[in-house]
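Take a look at the structures listed below.
Heads up, the next two complexes both have chain A, just with different partners, chain B and then chain C.
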Partner chain A sequence: MNDLYIIITACLVAINCAIVGSFLVMRKMVMIGDAISHAVLPGIFFAYLLSGSTSSLPILIGAAASGIFATILIEWFTQKARLQSDASIGVSYTLLFAIGIILISKFGENADIDQQCVLYGELEYVWLWLVPIGNHFFIPQQTLILLSLTLIIITGVMIGFKGLFITTFDPNFAISTGVAIGFWHYFLMGGVSLTTVVSFESVGAILVVAFLSGPPAIAYLLTENLKKMIILSCFFGILCAIIGFYTAKLFDVSIAGAISTIIGLVFTVVFIISTQKKSKIDVISY
Partner chain B sequence: MTDPIIEAHNLTVLYGRKPAIWNVDFKLPEKQVIGIMGPNGSGKSTLLKTIMGIIPPSTGYTKVYNQELDRVRDKISYVPQRQEIDWDFPASVWDIVAMGRFHKRGLFKRLTSEDNDIISDSLQKVNMLGYAKRQISQLSGGQQQRIFLARAIAQQGDLFLMDEPFAGVDIATEEMIIALLKEMKSQGKTLIIVHHDLHTAQSYFDHLVLMNTRLVACGKIADVFTDQVLTDTYGGKLTTISKISQELENKEFPIRHK
Partner chain C sequence: MIFLQSISTLFSNDYYTFWVVAAGAGIICFAAGTVGTFSYLRKRALLGDVISHAVLPGVVISFMLTGVKDSLYFLTGATISGLISIAIVDYVQSKSKLKPDTILALTLSVFFGVGIVLLTKIQHSGNGAQSGLDSFLFGKAASMSLHDVTLFSIIAIINTICIVLFIRPFSLISFDEEYAKGIGFNVKFIKYFLAMLTVITVSIGIQSVGIVLMAALLITPASGARFLTNAIPKMIFYAGFFACISGIIGVFISSTGTSMPTGPWIVVVLSSFTLLAIFFGKEKGIFARMQTRKSNQIKINNENILKIVYKTSKEGTISVPIQDIFKESSDKSIRLTLKRLEKNNIISRVKGMIVLHENGKIAAREVIRKHRLWEIYLSKYFQLEADHLHDDAEGIEHIITPEIEKHLITLLDRPEKDPHQSEIPY
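Entry: the complex of A and B
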């Protein structure tokens, strides 16, 4: 049963990350997920300071607020300072992460924040915090939060698909037809921020970035339709999560580490297969 | 001039501290094919983007149909530069042209069968209907330009702003686009085109804006396409200009390219 909890949790993270990650990959801003997962630190600290507790909800809100603040900062550096977007991501999140580290190490001795946990997550222990559903059925708290987020993200993307599509493909054309691209940017960033914040608590920052970039990148190699790309990247995310879990069990290693490694390996294999296929097509067409 | 379709007043656009457009004033007439020409980096694309509200002006304003842009967006179709887009994007030709209908239908509603008919017609007009399901990564430069044009047609505007539609396209596409522009003009549409090739300017355009950060000239092609104005616009690039002015002297030769 514990294994099942872990697998379900990992799969939900995979689905959330695959959906928002597909848009991030096409917008060339995947590393914003990495940025958010580090930039949440000051938010967590202030939430802890204000609420005086380490319970999930205030921390989650603080972290999400901090994540969205990071995206605003990044956008501001890019737009106003005309900095390259990767440079503004680098500047913003290292700044926020460093502030968080200083605050916590100076004032947060009692805070329940573990650096190890931030990087690698605690997927192995999700089953420790169970909440009852009905009388006989229990589900880990983390899984329940992730499941609600999955529903929110799927609904959001289904309703906002056209807006996200047009602003991702051709933002200038979108503006010319009167689309508020700022709204759609923060619509996506809100989703990314929530996904990252909720996910990294259970799987750690590294696996979040692996899930955000890997499965969409694999799907991108295989399809040329955005909707199919999103569905395929969910599929590959789930596949890698399951294979990764059993690999970790087999070799008795970190689950997050094993899943990240599997994602990398699957990408390599798919990349080699797809380049061989494409080179055949190229030979025929020229 | 009766009813200017586009008016720019004291328009200055800065990139950081560097001006891209400096204190430009002009009025453009309706129902004409209008060229915007000038050397590289002279602010032509920036001018279109400012008119479409993509880049905010630093001072001054532009008006379209003598109104604020937001009130007349339905009437305007903008064709961005082809190179600005990632053509490896996972989408089909149909997906791209369908974007031309998003605004009319709203982003949260499904496209109707009427929209689908309009998308088909637009693709038909640029001879790309057979490519509707083709992935955009498999298109040639000319085909990419055609589907951008189809998307603009699908918007069903009266005013078309096109950013270098002839850059890097094959002869067949260029001739097709020109035929299409003439047809659209005869239907009373206004076409504003950023263009590079001085040799074809006289045969393509009725009206011309020549700029080099500042406005050099704006008027009927016969009045502004002169040796003096071209030298003022292009400055040092004398070889091209002397060629053109030679052609201008030999008026008996049509300026059209072959």
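Entry: the complex of A and C
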């Protein structure tokens, strides 16, 4: 049963990240996802400090707030300070992460947060916190939160698909037809923050980044249609999560690490196949 | 007082370790700051992030193979896996339609994932010697030994010498690879040489600040230095210098408390320097730019008012009722501008009339001249209709320098009338 909980949790993270990640990949903003996943640390700490509890909701809100703060900071560096965009990302997230670690190691002895779980997550122990549903059915708290997030993201993307689509592929056209480009930017960034924060609590920063970039990249090699790409990346995300889990069990290693490794392997296979296909086409066209 | 005391105790013998660590951190940060300048200039700042995550598998494998924790072995393993990661990023980028950011994020997380898998493998195998391996994740500056510091310093110094020697080719490939190729540089070699220097720097850097924060050591100093100067050698020097100081201050702060991590403090100090540079940088800082914008706005307001006064007071007199100016101008700060002009002795107010002084007259004629010259230029060289000229000239009249004006006059043969048949005042 515990295995099942872990697999379901990992799959939910995979789905969330695959949907949001597909948009990030098309918008060339994946590294912002990476930045957010590191930058949530101070928010987690302040939420803990203010609420005095390590329960999920305040921490979630704190982390999401600092995720959005990180995107605003990055925006400020590029727009107002005119720093080039890659440097803005690097400067902001390292600063926030450093502040977070200082706060946690100074005041966080009693808190249930440490540096390691930030990076690896606690997927292995997800079944420790169970919430009853009905009389005989239990579900891990983390899984429940992830499930509601999945529903939120799917509804959000379904409602906002048109706006997200047009601002992703033709921002100039979007501006000229009066679409609020800034609104959709923050709509997506809010989604990214929520996804990274919620997922990060269960799987750690690194696997979040792997899920955000890997499955969408694999799907993008196979199709150019955004809807197909989202569905394919969900599929590959789930596939990698399941294979990764059993690999980790087999070799007795970190689940998050194993899933990332499998994502890398699957990408390599698809990449080799797609380049060979392309070179064949090249030969024909000459 | 407490602060001074703690500083004075730093020079006692008990603080031998402190100075060893501070020297090590300072030197490492200096090397990272200098090399990082080129990552910044090549707009590959985040590659540093990738490299620092990608060295983890190399470090762990070198431990698995040798079974000992030695900086030199770690360094070798780290360098190899760092270089592999760069090669993969380059290869995938050239062979697929994926954008750089996706490739960077994917490479970073997969390499790090592999590293974590290997790390947990040895941890679970119960090898006692492995403890401390994960200090790579967050740095272990505080526990650097003299042996480590000597090794790192030698490498950092060699690195710096290479940069000094290769500053020209490195700068060239940062700005114009094609040109570098054209004048006979081996661009591919230079690129990989620079990459290798970066990887080596990262490999020694992560031992002081850790993997996650290593990116800051490369990016943040250069980002700050960019606001202080335009010259590359100066920029490299500033980046290295501020990084070095931050390293030492960071070690100092973390030595004052028990649970104060070194790496994060170095990064916080470094970021503070960079933020200061962003705000107060002499030419490109936010405040400096605000100042320039403000003085430009003042110049524009002044000139616009002068123009109005001159134009409305054309026939013989040089005085205008103030109400006329309010009617003509759309400027909201008109009172302020009038006061300023009066203070500078360019106009004076007499009984509700504005009187233009001689120097004001000259200035007004100059602006009008520039405006009309530009209109002629546009109609002659861009074949614009007469009713399209005004708005463009209205903006550019404040920007044209005396040199450009001279050039315009010769180019247009010192014309007498503008396209609207108004005279040009010389």
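The rule we apply is simple: the second predicted complex is superposed on the first by the 286 of 286 C-alpha atoms of A that agree within 3 Å, B and C clash if a C-alpha of one lies under 4 Å from a C-alpha of the other, contacts with A are read in each partner's own complex, and residues count from 1 in each chain.
Just so we're on the same page, a residue touches a chain if its C-beta (ideal position, glycine included) is under 8 Å from a C-beta of that chain, and two chains touch if they have at least 3 such contacts.
Keep in mind the model is a prediction, meaning the values are calculated, not measured.
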Partners on chain A (chain B, chain C) - clash or fit: clash
First, second, both or neither for A:Phe169, with chain B first and chain C second: first
A:Leu226 touches, of chain B and chain C: first, second, both or neither? first
Partner chain(s) touched by A:Met31 [first = chain B, second = chain C, both, neither]: second
Chain B versus chain C as contact partner of A:Ser105, first or second or both or neither: second
Which of chain B and chain C A:Arg82 touches, first, second, both or neither: both
Contact breadth on chain A, by residue count: chain C or chain B: C
First, second, both or neither for A:Val253, with chain B first and chain C second: second
Contacts of A:Thr177 with chain B and chain C, given as first, second, both or neither: first
Chain A residues contacted in one complex by chain B, in the other by chain C: 82, 220
Chain A-facing residues of chain C, complex: 40, 43-46, 48-49, 53, 92, 95-106, 108-121, 124, 134, 137-138, 212-213, 215-216, 218-220, 222-223, 226, 257, 259-261, 263-265, 267-268, 271, 274, 278, 284, 286
Footprint of chain B on chain A - complex, ascending: 26, 82, 159-160, 162-163, 165-166, 168-170, 172-173, 175-179, 220, 223-226, 228-229
List of chain B residues in touch with chain A within their complex: 15-16, 49, 52-54, 70, 73, 76, 78, 80, 84-86, 89-92, 95-96, 99, 102-103, 107-108, 135-137, 151, 155
Residues of chain A that touch chain C when the two form their complex: 25, 28-31, 33-34, 38, 77, 80-84, 86-87, 89-91, 94-95, 97-99, 101-102, 105-106, 109, 115-116, 119-120, 206-207, 209-210, 212-214, 216-217, 220-221, 248, 251-254, 256-261, 263-264, 267, 271, 274-275
